[in-house]
Amino acid sequence: MHNNKYLQEEIIRISGVNPSKCMRCGKCSATCPAYDEMEYHPHQFVNMVECGDIEPLLNSKSLYKCLSCFACIDRCPRGVEPAKVVEAVRLTAIRKQGANHMTADDIPAIIEEDTPQQLLVSAFRKYTK
Amino acid sequence: MQKITREQLIQKASELLENGTVSAVLGWGIGEFDYDVTPTVFSTVEELRNGFVFNDFCGANFSKYLVKKTDKIEGKILVFLKPCDTYSFNQLLTEHRFDREKVYAVGIPCEGMADIAKVKAISGDGIAAIGSNGDKLTVTTLYADEPVVIAANDVLAERCINCKSKKHVAYDELMGEEGEVIESNRFDEVARLEAMTADERFAFWQNELSRCIRCNACRDACPACTCEKCVFDNPNSGVENKSPANEFEEKLFHIIRAYHVAGRCTDCGECSRVCPQNIPLHLLNRKFIKDMNDFYGEYQAGAEVGSRAPLVDYTTEDLEPGEVFDRRENNA
Amino acid sequence: MQVNEYKPLIVAFCCNWCSYAGADLAGNNRLAYPADVKIIRVPCSCRVNPMFILRAFQRGADGVIICGCHPGDCHYTSGNYFTRRRMAALFSMLDFLGIEKERTRVEWVSAAEGAKFAATMNDFVATVTALGENKRLEDLRCKK
Amino acid sequence: MQRVGVFVCWCGSNIAGTVDVEAVSEALKSEPGVVFSTNYQYMCSQAGQDMIKQAVKEHNLTGIVVCSCSPRMHEATFRKTAAAAGLNPYMVEIANIREQCSWVHKDMLTGTEKAIILGKAAIAKVNLNAPLIPGESPVTKRALVIGGGIAGIQTALDIADAGFPVDIVEKKPTIGGKMAQLDKTFPTLDCAACILTPKMVDVAQNEKIRIFSYSEVTEVSGFVGNFEVTIKKNARYVKEDICTGCGACVEKCPMKRIPNEFNLGMDNRPAIYIPFAQAVPKVATIDPNACNMLKNGKCGVCSKVCAAGAIDYTQKDEYINEKYGAIVVATGFNPISMDKFDEFAYNQSKDVITSLEFERLTNAAGPSAGKLLRPSDGKHPHTIVFVQCVGSRCESCAEKGKEYCSKICCMYTAKHAMLTRDKYPDTEVYVFYIDVRTPGKNFDEFYRRAVEEYGVKYIKGMVGKVVPEGDKLKVQASDLIANKQLHIDADLVVLAAAIEPDKSARPLATMLTASMDTNDFFTEAHPKLRPVESPTAGVFLSGACQGPKDIPETVSQAGAAASKVIGLLAKDKLTGNPCVANSNELMCNGCSSCANVCPYGAITYEDKEFRMPDRTTKIRRVASVNPAVCQGCGACTVACPSGAMDLKGFANLQIMAEVDAICK
Amino acid sequence: MKVSYFPGCTLKNKAKDLDMYAYKSAEALGVTLEEIENWQCCGGVFTTANDEVATKLSSVRALKYAGEKEQPLVTVCSACHNVIKQTNYAMQTNSQFADKVNRYMAADGTYNGETQVYHYLEMLRDLVGFDTLKEKVVNTLKGKKIAAYYGCLLLRPNSVMRMDDPENPTIMEDFIRALGADAVVYAKRNECCGGYISVESPESAKRNSNAIIENAKAAGAEMIITACPLCKYNLVKNGADIPVVYFTELLAEALGVKEDTNA
């Protein structure tokens, strides 16, 4: 397992999360509505950041599956806030040049008559830098 | 100008001496100068006639003298109490400092006393005589041809300008009319200092306290300072120092003195009256009074016998020491 | 960090029943705080005479902290309530004289709060260090 | 000035690791009064103590300073050493250079510097020490036990067994506590009632024990050996001495739909009730909030049917004052409220229950007569999910839950799971756990049996959400080992709720001036060496009021507390604390400031005659302190403006000398 | 009573109903919604990253604008409310963040989180009062079985949002009851509908939305109300077979101002 200390510190800084508070109860993953979409689950995000094992996360589609519904944040007994870790890793990934997960070109395929602006705005905020 | 005259007081005292109600009179005695009035014990009518004075300089608060004098005299002692003096009188009773049975207290009205420093500031030094006439003082000096006439109100002592009460809270007999507790502005100066920055306050007090010569007059005149032995005179207290040994000492002395009388000080103002350096020592006491009023509710020491001072009392909901400052900042 | 690092002198009066034990607990758990803090054990925070505090400042202390039991938890029922009033009045007076209010503090630390004890001391030392040497209490008399 | 000996302890490497002990003993040699200074590996050892005794003789020491661990640890040890060497034990001062120096500072230089300063302060103080002789006070030979659960019962029985009278105060109508509500007990699966009720009967029949049930302590004053306690006996509107417990009133009471607290509200009881069949005392109690007669004067059925004439609607709360030599706190625990954990749908479905409710559901005397039936529809549940650590092991600053491990849940959940599988083998049982914690005799074996013999499915992971839908509870959980999210349709969900101290503990602690931790558990005098004593002399701790405990632990702690109480009550006199206030009459003004702040009323005034310098005499009012009543807090010393009041052992001059030494 | 009002992008387009009914109902309740001048999009999602500043400035401007008028800031859209409330909280508690923001805002003066942020529902509960609301109901909805759908944005993170108990909220149920209808309580009312994931994996949003509808229906719901355009979109698009309406529409109906709006 590769320990990327720089990325690890960067993610801890951006998220403000202390992953060593995690006691491995798995409640975040138990409560996650996007669990089945994810290759790495919320508890794994926390655990892998704690170990410095960041690269697999950066390249994982799981980054774009988190709904930011904050259920894991509110239900974590230790106040670890896994969603903030996911967010920090996601930002680390898309802040690289050309790494936007979604572009304006994708929109026509998505948009329908009743698509609310909110959907596009939110998706852009999440998937682009 | 006082509404009550020397003659009336002498007559009252003589009466009480002669009918045996009292065996001595604690009153103001003639001093070297007209403004230099000394607390004196008179035992006969003749002594009264020769030595008793009552003028605009009779500020001395006699309450404290009762602690020592009541022991020395057989029978009762007559004491004249201005309204402010009666608070000290009660406070000392609260602290069991003299036997109430040995005192015959006569309340007298007071229109405010003059501050000799203020008089001198107008008349100049070398005062030979001061006469009183209506609301005017006539000051004869050695160096001026004509006597200087001064309005009594212009030379009123600070504590009288900010008089808190014309009401007597204790007496056996009252001369003249009873007054009322007054809504005074006595905390304004404290508030003004509070509104300053810490640096400004520090500069203010540095200027004031640096003049202290540790004459102990404030302590000796203070009706709350009646300790059998003052900690500053007691070699076993660990803080004995009869004169300041270093720069810190006055401050220690004045803070500790103010702290020791906190909750017991009636704000009679004797400390500042007797200070030869004109240090506004009463502001320290008033600060404590103001704070305790703010923090724990209004309390006037001596207003009633047996009341419990804020510092020997508590509630479970008192504010925290750290909150004192938040509170002030919020109020500001 | 400066070469000539300023080290404040802090006197901590600790109640035997709570904060002194809290300090012991901090020790047991190896929770570090600066050595500038020197503890004096008193039976109750209400034993602390304002004179002791002024004395400490007079002799060169830069900060004085009094630690007692949480209100309601005094071993002697009411001692800390008196402390609370006394120190509120005293600190307000020191502030009135223009002396930095940050140099004095009262904290309630129980015997179980080792971590709070260490955190309190770290914070207090940092505050006093930022203020620098205590001059005002010594210098009030001397006009500069 | 004393002749002071300084003894610096290495405490192995505990002190010597961060403090140069040699340098400390050397530096302290030149302090005023010091005639001897040395250091040694373990001062508290026999050899160390002998070294001190030897030095006292050789150097004619009059004062001793030990630089070592906290005085809370070994002050008593070194005082005994001093006494053995012929010194007054109060001529010893400890400089705490371990807990408050070597253990909190990392750098040798600063550690050594600070240790020297602390040593100097102790020397400055001991130079002003004076021999002190403690006073004596009598011991009231009666103990009070607050709380009538298994902890209180065991403590009371053990104390009574030694021949001392004991009173139990229990706020509920019966003793028995939580254990009376349990079905079976781990790890042996005895029936709780079978082992508890004989003890309850023993209590009832023991001549030395009085039970104040339906009562609470409202006021405590005094001190070790001499507590004065006010007990409020709540009106139960039934004459306890006349009621035979026949139950006729209970049967006839028309107000039948009051939630039954003994069954945790899962069934109802009448307004007049006896909590359970084996209640002690077995007398009825009228619930004043439910009784029509008490509320609006209409009814009176119970009074009519009571053959003994025990009903008394006019009964009033009664206050009893009693003296005790020792007090044992046994206030126990409760499961925390599940209100804030509604991701588990406790408030949304009757079929989500706590483990204690599960106990009642499986108890033969419970609401379903021991049959495991769903509270919602009375059907047999086929899939049961147990969730561990609900509210335990949460972050300290969390808004819900407790920071600590509740300790008993792993074992009772294993018990529940096992018993369910044993009685109803067709039931699927899942246990979601974070860790299984089973340290205890035969505990882990018990848990393994649940898995291996009974086929309970233990899954490492947590439940995230319970969704009641139709007659199912949809449980969404994680399986961390399989790295899967599980969806289980359950019939019953059982939450292992964290336990917390009873709410009555906090006000009681205030009354007793006994300290508590941040979770409201009582603090013990020493976590290892004095686990059943509170730091307040004469107050002892029994059971879960001190921390989560199972029954075996509770019973052993109850016995330990009893033995401490017996040790105390066996004494005729107690030596007091000699560090008490005393007033210097010559300086006292008699102003009453000191008496105003004294919490014990230890200060009185008398008029005394004094000879004055001028040969006259003067009568003055002066304070005097009753040393037997004074506890030595020192509040009076600061209230006194003249400095007449001082505290022995912590005198003004001593503390100022410490201040000076530190600030030098 | 006058309050500042932040409508948000969707309320001026696809969710015009939500906006219009909010205006009409407020008027009927004696509350004037004063729309923030030149408001800009809130961003739709609050980025929890400590180092994101620029994306939060529009929220700060709205907050500051309300603050200067000494009015509480009211939002209707759950997303706007979440973003603005979280931004305000960050301004109050994260001094480093506030400092950075204030440097950007230098020209407009500083802001430190003084404004109070209310969701429209909170406004009804805390400023108007459900009892007052009850009195103003003209068309009682008696007998209707209505389920409230909170979604995630109104309640979480609870340490910031502080609207209600995040696991067992009652504010919308109390609202429904105030209008005279029966509130249907179901466990999935605070579970996420899928949000913007419908861009990325529509099946996921469908699964989540369906589970919510099923749960509500199983509990007896005949109608679902929501405060969020995206929630409504997901629930409807994924085949809700009971009506999903904005809570303001229901409110307008009960207050008898719905027809007005359509006219």
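To keep things simple, chains are lettered A, B, C, D and E as they appear, and every chain counts its residues starting from 1.
As a working rule, contacts are C-beta pairs under 8 Å (C-beta built on N, C-alpha and C of every residue); 3 or more make two chains touch, one makes a residue touch a chain.
None of these values were measured; they are calculated from a predicted model.
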Separation of chain E from chain C in steps, with touching chains one step apart: 2
Chains touching both chain B and chain D, listed by label: C
Pair exhibiting more inter-chain C-beta contacts, B-C or D-E: B-C
Farthest-lying chain, centroid of Cα atoms versus that of chain E: B
Most distant chain from chain D by Cα centroid: B
Gap in Å, rounded to a whole number, between the CA centres of chain D and chain C: 30
Chain centre separation in whole Å, for chain E relative to chain B (CA means): 67
Inter-centroid spacing, chain E versus chain A (mean Cα positions, whole Å): 24
Rounded Å distance between chain A and chain D, as computed from the means of their C-alpha atoms: 46
Multi-partner residues of chain D (at least 2 other chains): 343, 465, 597, 639, 652, 656
Residues of chain B engaged with two or more neighbouring chains: 231, 238-239, 311-313
Junction residues of chain E - those touching two or more other chains: 158, 167, 191
Listing of all chain pairs that touch each other, if any do: A-D, A-E, B-C, B-D, C-D, D-E
Chain D-touching residues of chain B, taken from the complex the two chains share: 71, 94-97, 226-231, 234, 236-239, 260-261, 264, 308-309, 311-313
Footprint of chain C on chain D - complex, ascending: 70-73, 96, 98-101, 103-107, 110-111, 113-114, 117-118, 121, 509-510, 513, 515-518, 523, 535-536, 579, 597, 599, 631-635, 637-639, 647, 650, 652, 655-656, 658-660, 662-664
In the complex with chain D, residue positions of chain A that touch it: 21, 23-32, 35-36, 41, 43-44, 71, 75, 77-79
Residues of chain A touching chain E in the complex: 13-16, 33-34, 36-37, 64-65, 67-71, 73-74, 81, 83-84, 87-88, 91, 102, 110, 114-127
Interface residues, chain B side, partner chain C - complex: 190, 193-194, 198-207, 209-210, 212, 231, 238-239, 244, 246-252, 255-256, 258-259, 262, 284, 287-288, 291-292, 295-296, 310-316, 318-325
